[in-house]
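Each in structure tokens, the structures are laid out below.
Next come two complexes, and both contain chain A; in the first it sits with chain B, in the second with chain C.
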Partner chain A sequence: MKNRHAALFLLLVLLAALPQFLPRFYTYIAAIVLLTGLLATSLNLAIGYGGIYQFHHAVFYGIGAYGTALMLTRGTMPAVFGFLAGPLASAALSLVMGLVCIRLSKLYFGMLQISLGSLVWATVYRWYSFTGGDDGIHGVPLPDAIASPQGSYYFTLAVAALSVFALYRIVRSPFGMTLQGIRDNPVRSEAIGVNVRLHQLAALVVAGFFGGVAGMLFVVVDTSVFPDMMFWTFSLEVLVMCLLGGMYTFFGPFAGAAAIVLLRVFASVYTPYWSLLLGVLLTLVIIFLPDGVAGYLVRRLRGREGVRA
Partner chain B sequence: MLRVESLVKSFGGFKAVNGANLQVRAGEIVAVIGPNGAGKTTLFHLITGHLTPDSGRILFKGREIAGLAPHRICRKGITRSFQVVNIFPRLTVFENVQIAVLSRERKTFRIFSPVEGMAAEEVDRILSNVGLLEKRDVESDLLSHGDQKVLEIAVALGGNPELLILDEPTAGMAPEETERCIRLIRKLSEESGLTILFCEHDIGLVFEIANRIMVMVRGGTVIQGGREEVRRNREVQNAYLGESGAC
Partner chain C sequence: MASLADLFSSGTLSQFLVGLSRTTILFIVSSGLTLILGVLRIPNLAHGSLYMIGAFLAYSVIHFLGDGTAAFWAALVIAPLVVAALGFLLERGFFSYLYEREHLMLLLLTFSFTLIIGDLVKLVWGAEYRSVTVPRVFQGSAEVFGLPLPYYNLFLLLIGPFIAVFLWLVVNKTKMGKIARAAAVDSEMVSAVGINVGWVFAFTFVLGCFLAGLGGALIAPMVNITLGMDHSLIMEAFLIVIMGGLGNIWGALLGSLIFGLTQSLGILVWPQFGIVFPYLAVVAVLVVRPKGLLRSTW
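Right, the complex of A and B next:
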């Protein structure tokens, strides 16, 4: 336990030092890794811990980003409200979509969510006068302190670290454990007095909120938003991040997100078919490491101790 | 404490439970017996809210509970174990019981306090009561079948029930495990004064521990009475049940 804290602290120090020696472009990539990691971790609360088939998580990422971008470009309130408005809008949307979808289970939940999410996407895509349509919104004005690449990186690091920490606490709370119980056995959960749907709904709102935080961070890093952020194929990509890293571990999805973002950046320099590489990688992981890479490592460690880590 | 009156539940054209009557008084151990397909498990599902009856009444402490959601019925003081092992396989033995305790204490919506060590005293007491304390940190998936069935009971105890319903608690157990399970049921009844309703295929076991026995055939109640009363009726029952003579 001590070692783990030390390792995390070291990682944070390393991340904080990154912009000091990385060129501008890579600082930008590092920030994208952080916020995408948060996005995957937030999805994992629903899918990995809650066992809810959250197939269209990118919608909450997109709404978080649009909410923030619209507040910053059109709103007259201080920027802080913009940073809050995005995630809160995501949480609200998550609640509404959740109320509709939660009646269905498993795959049906996922299918309905994709339909409703695509509806949201289509609205954003078509509503030129408000959302900028397929052009999106560019050059979102940011407060001076976080307008520089370094400033936005540190803001992203701080917010992502805090959010991931909050999610970690949630996973380790009575609520988090109840959620895992529901994932493993909803019938049993009901029989011990747990209101299954209500807990699932709460998990969806929390996941949606932090997905929205990731979207808000994207606006800070990229100063733009576009409808592709919330197209369903991107949801699939976030899902793949969770699978790759390991859905039953806390940090697996974060690692999976880092791997995919970096793969896209570096492999796409050499070949436009980088996703082929990802496909092969994912196939291998699913066949040989069904718990994901991190899941495999945890199992190995656990196996040696004979009890849960 | 529990009163079931002319309960009916059909699936399609098949009447799984058809006019069942049952009465359980506080502090009793009541057994439900009957051949395969008599509707015992369906009856339990109806009582605990996992199924909704077509007609009839289920009264718990004088209040109608038929048709309530399972989590509400649990809150009223009825918890259960399942016939087929039904636990949280990825959680440890300790956590399995801990969830039940936290759920009863309505703490499952606390999202920032660490769960580690919460309610530990009570969970450990339950585990030592059922004899699983030394396995508390084992992932429950890895337990033997017999231990998993006992864990089932421990999870049900986590809800601190007034009425404990056990659906074939010894199904699939080895003889010495069955022995252990019987001792546990007795102990729970004697030491904690728990009211227990269970169903079982092993007729010998039923006559050993039940105060009163309800016989169910084709969804309906044939008789409910004390051991002697049912035993005297046994010749009739033998013809009726066929299989009970074999036990």
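Right, the complex of A and C next:
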């Protein structure tokens, strides 16, 4: 356990040092990796730990981004409120959508969520006078302290690290344990007096909130928002990140997100057929490594420790 | 927003009929999807990609045979058959080994197929959009209730019921259809009485893919054939199938009608937010009837 803490501390130091020797573009990519990692980790709370088919997580990412961008461009309040407004809007939307969907299970839950999410997407996509429609919003004004690439990177690092830490504590809390119990056996959980729906709803709201935080960070890093951020294909891409990393590990989805973002950046230098590459990779992983790459590694390592003990 | 009187006095009603003819396409594609969902239990996102391949193939066949009416009929036969053959390969090569996997994994597997097929289409046909002219027999317009309706849209409106009857006959009156229905309810029992369930599944999957290809070929003269045309359609087809009841062909018909009607009416009433209405309809249906309107085979 001590080793793991030391490794994490070392990783944080390394991440903090990155902008000092990375060129501007790669600092930007590193920030995108961090916020996408947070997005995947927040989705994993619902799908990996909660066993809830959260198929349209990108909606909360998008609303977090739009909430922040609209407050910063149109609002007159201090910027801090903008940074809070996005994630809070996501949490509220997650609560409303959750209340509608929660009584359905598995595939039906996922499909109802997709139709509600598509409703949100279509509204944002068409409401030119308010959201900018399919053009989105560009050149969102940021406070001077975080307007530079380095400033936005450090802001992203700090917020993402705190958020991931918070999610980690939530997963390890009695609430998180109950959630995993519900995932593994909802009937028994209900029988011993756990309010299943309430726990699942809370998990959805928390996941939506941190998805919104990731969206808010995207505005800080990219100073723009566009409706494609909440199109359903992106939601599936985030699911793919969780799957590649491994849904039953805490840091797996983060690693999966980092792998996909980096792979896309580097592969698209050499080939326009990046989706083909991802598709083939994903097919192989699903067929041969159903727990994901990280899940497979963890199982191998645990297996060895088990033998030694 | 326009008042109802405006709607019925002006030519917008014929615009509405044109919009409604898209319902046929929605029905053909979603009936294939619901067959595959009902019998094989695969939430096949690649269904939209097969539809896109159908449209691109129709374009190629029509251009290869020189743009005539005969070329169009040939495309209507060849494109769905090629897509069906592709479906056969997918089923035998991948899905037949993976039926026991949970739905989430199958969903992500079919998502990876959409990624692969999307890029392969880009590789074969290029990134620019293609278009097919309406075949000569279907040029011009008919008068329906005193309103002009292009012949091709009339053709689409008429072919929908025909396909529905055909599917009903296949599923209810043929031996294969009856076995497929039995396999949808209890595939273990079907195999226990000595029927090779694998081939029943393959047949159903191929039939579903044929329908996807047919939908693609039929839409080809009406829209720009582009990469990404699969993304919007597959989501619509999925919502239709869920709304109608998983695995229920009549549910797919009902769902397509609701989706197509709210879409074309919505665009008439409130052009800017017309695309919102079908999603609202789906949400309303699922809130009232969480398992869909008609009986699901699940």
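Convention: the second predicted complex is superposed on the first by the 304 of 309 C-alpha atoms of A that agree within 3 Å, B and C clash if a C-alpha of one lies under 4 Å from a C-alpha of the other, contacts with A are read in each partner's own complex, and residues count from 1 in each chain.
Here, a residue touches a chain if its C-beta (ideal position, glycine included) is under 8 Å from a C-beta of that chain, and two chains touch if they have at least 3 such contacts.
Just so you know, these numbers come straight off a predicted model, no measurement behind them.
Student: I'd like to know which partner A:172 touches here: chain B for first, chain C for second, both or neither.
Tutor: First partner only.
Student: Look at A:163 in the shared chain and tell me whether it touches chain B only, chain C only, both, or neither; answer first, second, both or neither.
Tutor: neither
Student: Does chain A have more residues touched by chain B or by chain C?
Tutor: C
Student: Contacts for A:152 in the overlay, against chain B (first) and chain C (second): which applies, first, second, both or neither?
Tutor: neither
Student: Where does A:249 make contact in the superposed view: on chain B (first), on chain C (second), on both, or on neither?
Tutor: neither
Student: Regarding the shared-chain residue A:278, is it in contact with chain B (first), chain C (second), both, or neither?
Tutor: Second partner only.
Student: Which holds for A:41: it touches chain B only (first), chain C only (second), both, or neither?
Tutor: Neither: A:41 stays clear of chain B and chain C.
Student: Both chain B and chain C touch chain A; at which residues?
Tutor: In chain A, nothing is touched by chain B and also by chain C.
Student: In the complex, go through chain A and note every residue touching chain B.
Tutor: 166, 169-170, 172-178, 180-181, 184-185, 187-196, 199, 202, 206, 248, 306-308
Student: Flag every residue of chain A that touches chain C in the complex, lowest number first.
Tutor: By the definition above, chain A touches chain C via 47, 53, 100, 103-104, 106-108, 111-112, 114-116, 118-119, 122-123, 125-128, 231-233, 236, 239-240, 243, 272-276, 278-280, 282-283, 286-287, 290.
Student: Mind pulling up the chain B residues that touch chain A in the complex?
Tutor: Counting only chain B, the residues touching chain A are 48-50, 69-71, 74-75, 79-80, 82, 86-92, 95, 98-100, 102-104, 107-116, 118, 137-139, 155-156, 158-159.
Student: In the complex, go through chain C and note every residue touching chain A.
Tutor: Answer in residue numbers: 43, 45, 94, 97-98, 101, 103-105, 107-109, 111-116, 118-120, 122-123, 231, 235, 238-239, 242, 272-273, 275-276, 279-280, 282-283, 286-287, 290-291.
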